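As written, the chain order gives the labels A, B, C and D, with residue 1 at the start of each chain.
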Amino acid sequence: MILPYFIIIPLLAAFLITLFSREKDYWSITVSTIASATMLVLSIVCFITLKGETFIYNLSGWKIPFTICLVRDSLSCFMIVIIQLISFTSLLFSVNYIRHISSSWKYYSLFMFLVAGMNGVVSTGDIFNLFVFMEIALFAAYALVSYGGKAFEFEAAFKYAVIGSISSTLILVGIGITYSATSSLTLAHIAQVLPQKPDILVWVGVLFLVGFGIKAAIMPFHAWLPDAHSSAPAPISSMLSGVLIKALGIYVLIRLFFNVFGAPPVFMNIFMVLGAASIIIASFLAIGQWDMKRLLAYSSISQIGFILLALGISTKLAILGAVFHIFNHAIFKSLLFYNAGSIEMAIGTRDLREMGNLKSVLPVTYSTSLIGTLSVSGLPPFNGFFSKLIIIVACVQAGYITYATIAIIGSLLTLAYFLKVQRYAFHGDKLFDVSEKSIGGGMKFAMLFLALLCVVTGVLLIPALRQSMLDPIVDTIFNKTEYIKLVLGSL
Amino acid sequence: MTIKTRSRVVVFILSWLVYMGLTSFTDLQEVLAGLVVALLVSMLAGHFYLSSPKRQRIFRRIGFGIIYFFRFLLEVTKANWQVALLVVNPVLPIKPGIIKIKTKLKKDSSITMLANSITLTPGTLTIDVNPKEKELYIHWINTTSKDIEEDTRIIGEKFEKILMEVVE
Amino acid sequence: MILYILCFILLLVGLYGVLTKKDLIKIILSLSIMGYAANLFLILFAYKNDAIFPILSESAVQEAMVDPLPQALVLTSIVIELGITAMLVALAVRLYQKYKTFDITKIRSLSG
Amino acid sequence: MKSQEGMTIIVKTVTRISVWLIFVYGIYIIFHGHLTPGGGFGGGVIIALGFLNVFLAYGKEYIKKWLNIGLLHDLEATSAILFVGIGIIGIAMTGGFLANFLSKGTLFRLFSAGTIPLLNILIGAKVGVALFLVVWSLSLFHIDEGGEQ
């Protein structure tokens, strides 16, 4: 009953903003913040009250083969919590940040569409509805990437839109083939029929792997990501890197390849190879970057590689690592993008060579960025350490020593390029006459909040919490055939 | 009653008739919906349907309109025959070119009707209109003369005389 | 079968255009061609020999109908493509404002 | 040759005389969306083409005098909000988003099928206005403005 509101509230907010906004942006900020805060509370309620069950919500009150259903299980609730968390902090961050680009209501309206699209993707149980919501989210993303109005932003958005449209077309063809083979668009029905037709499964799997692989920016399909994520305004970069590639890429890959296709081994091997390639190549590319946001963007590809590698191993422990890493990556990558945004706002550049000695003038940014750095590179007390440790241990347990080595090397390379960021941005001998007063309270709050989460979310691995929070998600992914029973059984 | 109001009333009646023709005259629901549609359309786009004040002797003009229709059919048939002869002729004796003719018509609608009639007649094609100078630029497949008066007589006048009675 | 192959060729034509053309407008047109090929695929999957259109009317006899669902899907995807195309055209216009050219080899302030 | 805005007098006159027909047909398609092929989107596109017809024939200035663009923006947002509103009423009445809470009526009559005609009308208004506004916004760009580099 609670699930459709995650789509209705942002849509309603977006249209209310377009209807009542005039010159000033107070109304749009108020409406979008209220909507986002409401959804954050609702999502936490939704996740806590679930207790590992599965609920089906039929739109327009019809029964399943004739209607679109929304599925509320642990995985989708988990993704919804992440989306609300990041979008709420991102909205707080944008209040000050966007005003120095323009104070128009259009930003907030598009932002709400982005949230609505992502919520729809993670909550739907119908493959074509998933496609539609994905396009809504992508449409808002294209527009938001180009929001700054500079030449390179339009270029990045154009590139993103072209590559995104190609992948959407491939996905559409895949949906067509799926429908012709199974005569149904409901994921649970497809899951019943499709694994019995291995030749069609291969076609559909390849199409979906390429299509959603482009959205997730896995290594051979990553070309759009560094441009788009580094050109967008900082809060949007954090939304794209933190949530969008996971909601549209990784989540859909998990849902399709585990719950629907039943984890066919050939695709699991492909996952592992692509994941390992993403980790290594993207790390090396990131070391060479001097643009701070571009470096962070390459780092995103590398971290997505970790998640994909863990998914490919597909033991229970590895999936736990993947799920936890999705959560952690959303938090610390958003935090690091906020740091880059606040540095850009303070001194007006993203080039690491022009920065230096910012630790004395921007203390909040410095301290939070240090936490984010240590977290993303996997140093002990922070959350990133645990998820990477679990992934590496799972690799070793499953007997993939090579992949474990690659993961360790990738982790060390991560440390290397983030130390580069720390060295050039915050230490050194340049002097800047700025103070943190120019950064608004909302931005500081967003950074501090996420830094706090980085420190404390390691406790999710304490067995008592893990059993109630993370284990249901892992079970949802791991017990592939349960999904069909749960969805079709709870009619 | 201003021209705009009169024009809106005309559009209202016409759109109601068209809507009824698209659906059915007998259904009460459709009649009501048709009235709503006609009101909407006449408020939205009815203001520029008519552009000139009220006219006299409506039946005479309808009669001339019918005459014009048959004259037009006759001219189309004749021109078709001529163009067909040109096409089957192995020598292909054509002399394509753009000419200018003058017209005595004054109103927008009559000039439009003249231009469209010329376009619909095979062999000639109206390219542009200069409403200030009352000139039409026409592409002709077989330009027999270069004189403006002569061209006007050949192409324009056969329609112009009757159009004068119908519209002006 | 020949229809599916032709449809696939149309998809490849679009893909070829996107990957090789140097003009922004031509890229947008190629994307549209790709989208049309995908839509055509969906319609072909729903096609059935000797079937009537899937609309109930007062005088119709009950015959085999073609599957209406892919047609609804195609309508939706056409709407989406329309939106994306409008977005791309707006971006292309803004790019032209900035760079005074539609040639993508000259639009290069980003690398990667 | 460009003495005035818009196209030649021929196009203007034909548009003037025929544009109401386009609107009537578009509204007919929307109203009969639940009975015959068509519906909100198709009819909305036809209506948008009617607007565009006038726009192309008469030019920008005429449209500014004829239509209130701000009002159209509001109409677009309002129809979307009403759509969501009908969906929420569906939740309140029967428990499903967009559930049909009105009487279904007799088959093949105009006032039948519950909320579907209402939703069709809202979609038609939204699409008709939005498509026109897309082209309108694109026409507001000045191609020579804002050069960089």
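Simple rule for what comes next: a contact is a pair of C-beta atoms (placed from the backbone, for glycine too) under 8 Å apart; a residue touches a chain by one contact, two chains touch by 3 or more.
These figures come from a predicted structure and were not determined experimentally.
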Middle chain, criterion being Cα centroid separation: C
Best-connected chain pair, where connection means C-beta pairs in contact: A-C
For chain B paired with chain C, centre-to-centre distance based on mean C-alpha positions, whole Å: 39
Inter-chain centre distance, chain A versus chain D - centres from mean C-alpha coordinates, in Å: 36
Between chain A and chain B, centroid-to-centroid distance (C-alpha), Å: 62
Intercentroid distance (Cα basis), chain C paired with chain A, Å: 28
Residues of chain B touching at least two other chains: none
Per-residue overlap in chain A, given as positions that touch at least 2 other chains: 151
Residue numbers of chain D (touch at least two other chains): 148-149
Chain A to chain D touching residues, read off their complex: 4, 8, 11-12, 15-16, 18-19, 58-62, 150-151
Chain C partner contacts - residues on chain D that touch it in the complex: 36-37, 41, 107-108, 131, 134, 137-138, 141-149
Partner chain A, residues of chain C touching it in the complex: 11, 14-15, 18, 24, 27, 31, 34-35, 37-39, 41-42, 45, 69-70, 73, 76-77, 80, 83-84, 87-88, 91-92, 94-95, 98-99, 107, 109-110, 112
Contact footprint of chain A on chain D as seen in their complex: 73-74, 76-78, 80-81, 84, 87-88, 90-91, 94-100, 148-149
Parts of chain A lying in touch with chain C, wherever the complex brings them together: 128, 131-132, 135, 139, 142-143, 146, 149, 151-152, 154-159, 161-162, 165-166, 168-169, 172-173, 175-177, 179-180, 185, 223, 226-227, 231, 294
